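One structure is given here, and the rest of the page talks about it.
Chain lettering (A, B and C) follows the sequence in which the chains are written, and residue indices restart at 1 in each chain.
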Amino acid sequence: MFSILRDLLRFNVEFLVGFVLTALIFLFAAAHFFAPYPDTAIYLLPPDMPPSAEFWLGTTSRGQDVFWQMSAAIWNTMTFGLVVMILSRIIALAVGMLSGYLGGKADEVLMTINDTLIALPNIPILLLVYFVMRDQMTWPLLAVTAALLGWNYDARLIRSVTLSLRNREFTRHAVFAGMSVPQVLVRQHLPYVMPVVFFTAMNNLIWAIGLEVTLSVLGFSDVNRPTVGGMIYWANQHQAAVSGIWWWLVFPIVAVVLLFLGLFLLAISINEYIDPRSRLSRMGG
Amino acid sequence: MSALLQLDHVGRSYPVGGLFARGKMQAVKDLSFTLDAEKPEIFTIVGESGSGKTTTARMILGNEVPTSGAIHFLGKDVTTIRSRSDRLAFMAKVQPIFQNPFEAFNPLTTLDFYLFSTARRFLGLKARSEIDAAADKALQHVGLSLAEVRGRYSHELSGGQLQRIAVARALIPGPKLIVADEPVSMVDASLRMSIVNLFRTLRDDLGVTIIYITHDLSTAYYISDRVIIMHRGEVIEAGEARAVLGHPSQEYSRALRNAVLPPDPVAARRIINERLERRRSGLAEGAG
Amino acid sequence: MQVEVKPETLAAPAEPVLRVENLKAYYQMNYFGVSREVRAVDDITLTIHRNEIYGIAGESSSGKSSLIKTIAGAIRPPLRVVSGSVRFDFGGRTLDVYDDPQAMKAARWRHLSYVMQGSMNVLNPVRRVKHAFHDFAFRHMGLSPSAFRARVEAHLEQIGLDPQVLEAYPHQLSGGMRQRLAIGLATVCEPEFIIADEPTTALDVLVQQDVLALIKDVQSRLGSSIIFVTHDMTVHAAIADRIGIIYAGRLVEEGPAQAMFARPQHPYTAHLIASLPRIGDTTRRQSLPGKPPNLADPPSGCRFHPRCPLAITKCETESPPLEPRGEGRVACWRAGEVAAA
């Protein structure tokens, strides 16, 4: 594992850039543990201060330090993305593999649920959940809802991989070697499915972060907890763009663009490593 | 005589065609034969692609259900096996060998896992040392040892070695019947005979009956006791191997027999030249 | 029926059309920290004459496919030519495959063509057969579209196919017909040299002899040379004039087919021939001990020595050269004793 990381860094520029970018943003986000102010406190500092030696990225109209706010916001947004990613991967794996391997009735039922979820639009459902929950809306609840909406395409992908594996000779051989269904799925099929999980995970993470930012910008989340979207929401509420408090808007947007770019570069380079065809063509070049 | 395996008028058809033109493709038609439980033998099914030989193998192994007729193994109808314990009991007695040894072992799993899993499930072994001993004993039968196999992956070994490991694994539960579907077609020529000879040893030393499925008449003649020749799902000719393959009586089996090139340049060239002459005269007639 | 014979086919039979000299082609891989060199073609020298079928026999990963790819100039990294040369002689014009890639490109299909295993590879499944002929051959023939069509139809009739197949899609044809088409496609330009890679391996038993007879027929009519690759020794017996045996990237024996089957000179060849089962004979056939060599880490000395029944200490350290002996050439320190063993 370590040597793979080393070689990726050495041979793949996209990975190097993506890795450095993501690592820097991660370090920046982790810095909020050492923040001098609590991240939910407001009107603690003089409001609307431009970037200076004292406040590196300025302060907001609500009297918060933009630097430390952003640090906490990115941390929270990334946490949200990771939770959604992990939960939805678990659902996608379970549904996709069982559906593909068992076939028949189980497959029919699971895929009907899957296709129904694909047909449903995501944002209206999330808004509906928000309107029902109102003040009880917490970020873990939002994460679970998002995870329940974010697995279906990938479950289909995993199902199609498992479906082709089911007819391979080694699966029949495993059955005649007395392996049980969980053993076949975990020992025989999971290694083939993992690349799909891995590379959809990156896309899912990007999707989840995008979803969180969108909902927060619109104010449909717990807006008192600092998130990247939440910062933009408050900046809009205080008409930061009109009143010339550009640092309140520009820095969160730059941060989220950099985070997206870093994750995207990681996703494509890891995908290239996983896909032997592109690895081979690189070997040739 | 008690029957090990009995096929009675077995047929298998598949629906074919598009939305409006529904038809049926008969892969196997009215197939019957019986294998004796007391007399182990090498029973060969010869056929070209599309003859139904692989479908037959899949039905015997319980991977596919016949659309007509019945298959009985030791007096029990194979299609009625439903529960996991019945299925395991059946698999302990009937084991397969697959065509492509590189495909039969998952390239991401170590080979010994197949051996250990078989020993654990079918022999009910728990202790590490007992499982190792069972795997090693089976590997000895095929001229290998556990030390040579432990921790290895399929890409590290040759096709011939993998096929022998597959045979060893199939031997662990102490099967009565091994169904081998084209077991040597993907194995290199220098190692092919080691697999074929192994089947003889299994029959003679361990009393295992082998259903050998192949398109190659020369190896079929070399090891079989009895043979059936299949063509488009039907049995064309059946009987004692030396008689059927040496002196086929049906037109199709004769054609199949004559299509085998002898390993002798003089005779083989004569066959090709005769064909060439027939071609040329046929073409000339067509042109005239 | 009048058979057209090209003037150059009347030349002396011993005229070489392909000369491969000391050819070495290795797979060189270095990625993600692993570097590996696989000597797939290791110092091969051979000559193929006009109007000759040269059979190449070898097992999987013996390097036989790498050899013909190298001969055809169709190699891609990581396979690289390390040294040696491949020269064709097309009607007095010498062509070095690796010195003049431009001329080589022009000669493709017109002078040098291929028949592959699994003819689906050359026939596009979503286009009619006639398009394949157009794509491959039209610009090499210099004919008007109608004359080209007439020529193709005449050629198909020659190989026993109804010209109607031109309007069909590949999936509408049987495996045997597709393989005939692949042969038709490779021979429509009447090339001097044809590379045939396992052309009969995927075919059903009954079709195999027909296809072999067809190849023989077309070859003798055109007077072309064929390099015919297959692992199946009985196919070589039926069609090859001379056979070259490849083991672990090296040519270990070469000679006329009949002499080789009657008196193999290399222990490996002797084994390959002796182990062939035949109908009417049930005497026990032996298999070779040991496993096929790994080309990334081949055995020292003679690469066959770990599996050879005749191996002596010298075989472990010194690699035997390929030297003339009898009617052919052989690379074995104990070649004289093979027949006796």
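The rule is simple: a contact is a pair of C-beta atoms (placed from the backbone, for glycine too) under 8 Å apart; a residue touches a chain by one contact, two chains touch by 3 or more.
This one's a predicted model, so the numbers in the text were calculated from it and none came from an experiment.
Of the two chain pairs examined here, B-C and A-B, the one linked by more C-beta pairs in contact is B-C. Distance from the centre of chain C peaks at A, each centre being the average of the chain's Cα atoms.
Taking the mean of the C-alpha atoms as each chain's centre, chain A and chain B sit 50 Å apart. Per-chain Cα centroids separate chain B from chain C by 31 Å. Residues of chain B touching chain A in their complex: 61, 63, 88, 91, 95-96, 98-100, 103-106, 108-109, 113-115, 117-118, 120-122, 166, 169-170, 173.
Listing the residues of chain A that touch chain B in their complex gives 168-170, 172-179, 183, 187-188, 191-192. Within the complex, the chain B residues that touch chain C are 48-49, 157-161, 188-194, 196-197, 215, 217-219, 221-222, 242, 245-246, 255-257, 259-266, 268-269, 271-273, 275-276, 279-280, 282-284, 286-288.
For chain C in complex with chain B, the residues that touch the partner chain are 1, 59-60, 157-158, 160, 175, 204-206, 208-210, 212-214, 216-217, 231-235, 237-239, 257-258, 261, 268, 271-273, 275-282, 284-288, 291-292, 307.
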